[in-house]
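Written out below as structure tokens is the structure these notes cover.
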Amino acid sequence: MDSTALIAMVSIFTAGITIAVGAIGPALGEGRAVAQALAAIAQQPDEAGTITRTLFVGLAMIESTAIYCFVVAMILIFANPFWNQLGAAAGG
Amino acid sequence: MDSTALIAMVSIFTAGITIAVGAIGPALGEGRAVAQALAAIAQQPDEAGTITRTLFVGLAMIESTAIYCFVVAMILIFANPFWNQLGAAAGG
Amino acid sequence: MDSTALIAMVSIFTAGITIAVGAIGPALGEGRAVAQALAAIAQQPDEAGTITRTLFVGLAMIESTAIYCFVVAMILIFANPFWNQLGAAAGG
Amino acid sequence: MDSTALIAMVSIFTAGITIAVGAIGPALGEGRAVAQALAAIAQQPDEAGTITRTLFVGLAMIESTAIYCFVVAMILIFANPFWNQLGAAAGG
Amino acid sequence: MDSTALIAMVSIFTAGITIAVGAIGPALGEGRAVAQALAAIAQQPDEAGTITRTLFVGLAMIESTAIYCFVVAMILIFANPFWNQLGAAAGG
Amino acid sequence: MDSTALIAMVSIFTAGITIAVGAIGPALGEGRAVAQALAAIAQQPDEAGTITRTLFVGLAMIESTAIYCFVVAMILIFANPFWNQLGAAAGG
Amino acid sequence: MDSTALIAMVSIFTAGITIAVGAIGPALGEGRAVAQALAAIAQQPDEAGTITRTLFVGLAMIESTAIYCFVVAMILIFANPFWNQLGAAAGG
Amino acid sequence: MDSTALIAMVSIFTAGITIAVGAIGPALGEGRAVAQALAAIAQQPDEAGTITRTLFVGLAMIESTAIYCFVVAMILIFANPFWNQLGAAAGG
Amino acid sequence: MDSTALIAMVSIFTAGITIAVGAIGPALGEGRAVAQALAAIAQQPDEAGTITRTLFVGLAMIESTAIYCFVVAMILIFANPFWNQLGAAAGG
Amino acid sequence: MDSTALIAMVSIFTAGITIAVGAIGPALGEGRAVAQALAAIAQQPDEAGTITRTLFVGLAMIESTAIYCFVVAMILIFANPFWNQLGAAAGG
Amino acid sequence: MDSTALIAMVSIFTAGITIAVGAIGPALGEGRAVAQALAAIAQQPDEAGTITRTLFVGLAMIESTAIYCFVVAMILIFANPFWNQLGAAAGG
Amino acid sequence: MDSTALIAMVSIFTAGITIAVGAIGPALGEGRAVAQALAAIAQQPDEAGTITRTLFVGLAMIESTAIYCFVVAMILIFANPFWNQLGAAAGG
Amino acid sequence: MDSTALIAMVSIFTAGITIAVGAIGPALGEGRAVAQALAAIAQQPDEAGTITRTLFVGLAMIESTAIYCFVVAMILIFANPFWNQLGAAAGG
Amino acid sequence: MDSTALIAMVSIFTAGITIAVGAIGPALGEGRAVAQALAAIAQQPDEAGTITRTLFVGLAMIESTAIYCFVVAMILIFANPFWNQLGAAAGG
């Protein structure tokens, strides 16, 4: 049971680090985009619609990198193929 | 009982680090967005409604990355699948 | 009693690091937001009400990431599920 | 079974780190591009179409580096050739 | 007595690091807010009252993150639940 | 089989790190170039064609450094000469 | 006597690091606030009284984080509860 | 076969790190050069030819440092003199 | 005599690090304050008296954090309570 | 054969690191010089000849530091005096 | 003689690090102050006397933090109380 | 032969690191000087001769620090006095 | 002879690191001061005498921190009291 | 011969690191000074003589810190007193 426990430990640690480190970049990037959007609206109120639309598309793309990390973290916790395979081998 | 204790230790440490590191980015990003929102309101008071609305949507997206981290930390502490599975195996 | 002591040590260390690291981002972000709020009030004294209101909502959201960290630190010190479970097992 | 477990651990850890570290650059780069796009739209509303089109092509190229990382992480988790080969050797 | 000594050592080290690291962010954030408040007063002396009031509310919120750290450090030194529990167990 | 497993582990780890670290630079560089392109289009809409053309050539050169990293990562995973040679030696 | 010596060493090291690291933030923050105060006085000599008063309140709040660190360092050196308790146990 | 395996591992790791670290500088440098080229074209459209020509020569020189790294990485993977010599010695 | 020597070593190392690290922040903060004071005098020579007075009060507060570090370093070298107590115990 | 293998490993690792780290500085420096050259041409098209000439001389000097690193890396791989001497000793 | 040698080594290492690290902050702070003094003289030649006087007082305060470090380093090398005490004990 | 091999390894590693790290500063410094020279020529074409002459003298001084590093690296590889002396002792 | 050799090694390493790290701050600080002096002379040629005089005094103070480091390095190499004392003891 | 070899290794490593790290600061500082000198000449061509003279004095002072490092590196390689003394002792 030793090696499965080790894999569990590595999976737990990696999942946490993945989403923690992976959240820094998108949060800063989105903060910058939102800040500039507000400045742009203040500068050109008439274009608020276009600006908001472009902002949301951009935020979606930036958020996608955070979601990659979240997906990998979730896979490592709930659908870890190595764990399943070794568990099956250990249980078989 | 040794390996379950090790998984508990790794889970505790990872949960703390995950939310600690994951809080840096969103806090800075939100600080930037809020600061720019205030500057925008001061520049165009008539657009305060649009600015505030856009700000809140943006804050929600930035906060989402912090919430990913919080969710992972909570899963690791209260609903850790590896712990449950090994505990069941140990208790079985 | 060895593994419970190790979990206690990890919990203590993690709780401290979590709130310490998690306080950096919100403090800097709030400092930036407050600084910009003061500049905005100086620029548009007539909008002081709107600016202050938006500032407080923003501070609340930034503070929320610090509170996530504080909650996790408190859980690790006072309501640690791993400690309780292992303690019960050891005491049973 | 020891060496396969070690490879599983290294694969899990590497997959998480790859996407976590690899998400920082693209997120910041996209945040910068989106922010500048909004500023450009506010400055030249008549060119919003050209700006948006150029922005999306640029975002696609920046996103590509994040996708490289995601692809490598997925390969390491779900289609790891070393794991398959050693597993076949162990099972053969 | 070995594990209680180890917990004591970890508690001492964590308490010091917690308040030391946790003091960096609030100090810088408050420095920024105070600096901007002075600039705002110099720019709009008539609004000194509003500015000072907003500054103090902001400083209180930024200081709160430092106080979280101080509270955790004090708990770890003077009201450490793990120490009390293990000490009771050792003394029982 | 020990040394082949070690080489597999090193290859997996190196491939992930290579593309992860190698994606930071190009992503930031491309973000900067795209951002400036948008500013240039907003400043000189009449030169949008020249600017876009120059941008794409520049992006291609920046992307090339990311592709170098991707190529090396792919070689390490799918066409590792050391692995093949040692595997042949082990299998011979 | 071994564990008391270890606690002494950890206390000494932690006390020094606590005040050393904890002095960086307040010193920089105060430097920024003082610098801005001087600029504000030069800009609005008539408001020197208000500026100086606000500066001193702000410095007091920033200094408070340094004092938290100093207090913890002094507690660790001169009123360390763990040392006292273990010393009493050893001497009892 | 132990020392050849170690050399293989070191070569794999070094090749990956070399191109990964070596790609950061050129990517950032080229991003800066391209960005400035676009700004220059927007400022002086009539000199687009001279600017583009100078840009390409500059990019070639910056790219050369990335190519040095790529060459070294390729040599380490496919034409490693130490590996060949030791392999010949081992096979002789 | 082993544990007293270890405490001596830790005290020496900590004292040096404390004052070395603790000198960085105040030196930079004072440099900033002095630089701004000179700029302020050049801008408003008539207020040189007020500026200089405020500067000296500010320098005193910034210097105080350096003095905290110096005091702790001196205590650790010349009035170390742990050393004295253990020495008395060893000599008793 | 052990010590020659160790020297081979150190040489491989050092060669890669040397060119990788040594490429960062020149790439950034050249990027800055090229960027400024383009800005200068846009500002003074009539001096394009002088600017380009000075640029190339400057790039050659900056490139020289990268070439130093490349030379050292090549010497370590292909003309390593320590390897040759020890190899001769081993083969003698 | 072992523990005295260890204390000597720690003292040597700490003394060097103390003055080396402690020289960074003051040197940068003084550089900033001197630079600003020269700019101030160029802006207000008539106030050169006041500026120079304030500069020298400020430099003295900044230098004081470097002198703290130098004093500690000298104490550790030439008047180390731990060394003297242990040496006396060893020689007694 | 063990200690000579160790010295060879240390010499190889140090030579590479020396020139790699030592190339960063000069490359960045020269890049800055060249960039400013081009800006100066664009601003004052009539002084191109004086500017170029001063630039070359400055580049020579900056390059000198890179050459110090190169000289030390070459000495360590080709004229290492420790290697020669120990080799003579070993061969004597 | 073992402990004297260890002290020699520590002294050598510390001397090098002391002057290497201690040279960074003064070099950057002096570079900044000299750069500003040249700007000041260009702005106020009539005050070149005052500026140069103030510059030299300032450079002397900044250089002093580098000289502290040099002095400590020289003491450690040529007049190391610990070495002399232990050597005398060993030779006595 | 073991301890002399260790001293040789430490001397080699320290010499390389000393000049490598010590070259960063002066190179950057000189780059800044030269860059500003060129800007000053472009701004005030009539003062080119004074500027160049001041520049060379300043470069000489900045270079002096690099020379300190070079001197220490040379002493460690060619005139190492510890090596000579131990060698004499070993040869005596």
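Chains here go by letter, A, B, C, D, E, F, G, H, I, J, K, L, M and N, matching the order in which they are written, and residues are numbered from 1 within each.
What we mean here is this: a residue touches a chain if its C-beta (ideal position, glycine included) is under 8 Å from a C-beta of that chain, and two chains touch if they have at least 3 such contacts.
None of the values given here were measured: they were computed from a predicted structure.
> Using CA atom averages as chain centres, what separation in Å is found between chain H and chain J?
About 11 Å, centre to centre.
> Once you find the CA centre of chain E and the CA centre of chain H, what distance in Å lies between them?
Chain centroid spacing, chain E to chain H, equals 47 Å.
> As a quick test, compute the distance in whole Å between the mean CA positions of chain H and chain K.
Roughly 43 Å separates the two chain centres.
> In chain D, which residues are in touch with two or more of the other chains?
Residues 4, 11, 13, 15, 17, 19-21, 24-26, 28-33, 35-37, 39, 41, 43, 55, 59, 66, 69, 73 of chain D touch two or more partner chains.
> Counting only chain pairs that touch, give me the topology of the graph as line, ring, star, complete or other.
Contact map by chain: ring.
> Round the ring starting with chain I, chain K following: which chains, in what order?
Beginning with chain I, then chain K, the ring reads I, K, M, N, L, J, H, F, D, A, B, C, E, G.
> Please name which positions on chain C make contact with chain E in the complex.
Per the touch definition, chain C meets chain E at residues 1-2, 4-5, 8-9, 11-13, 15-17, 19-21, 23-39, 41-43, 45, 48, 52, 55-56, 59, 63, 66, 69-70, 73, 77-78, 83, 87.
> If you look only at chain D, which of its residues touch chain F in the complex?
Residue list for chain D touching chain F: 3-4, 6-7, 10-11, 13-15, 17-22, 24-26, 28-33, 35-37, 39-41, 43-44, 46-47, 50-51, 54-55, 57-59, 61-62, 64-66, 68-69, 72-73, 75-76, 80-82, 85-86, 89.
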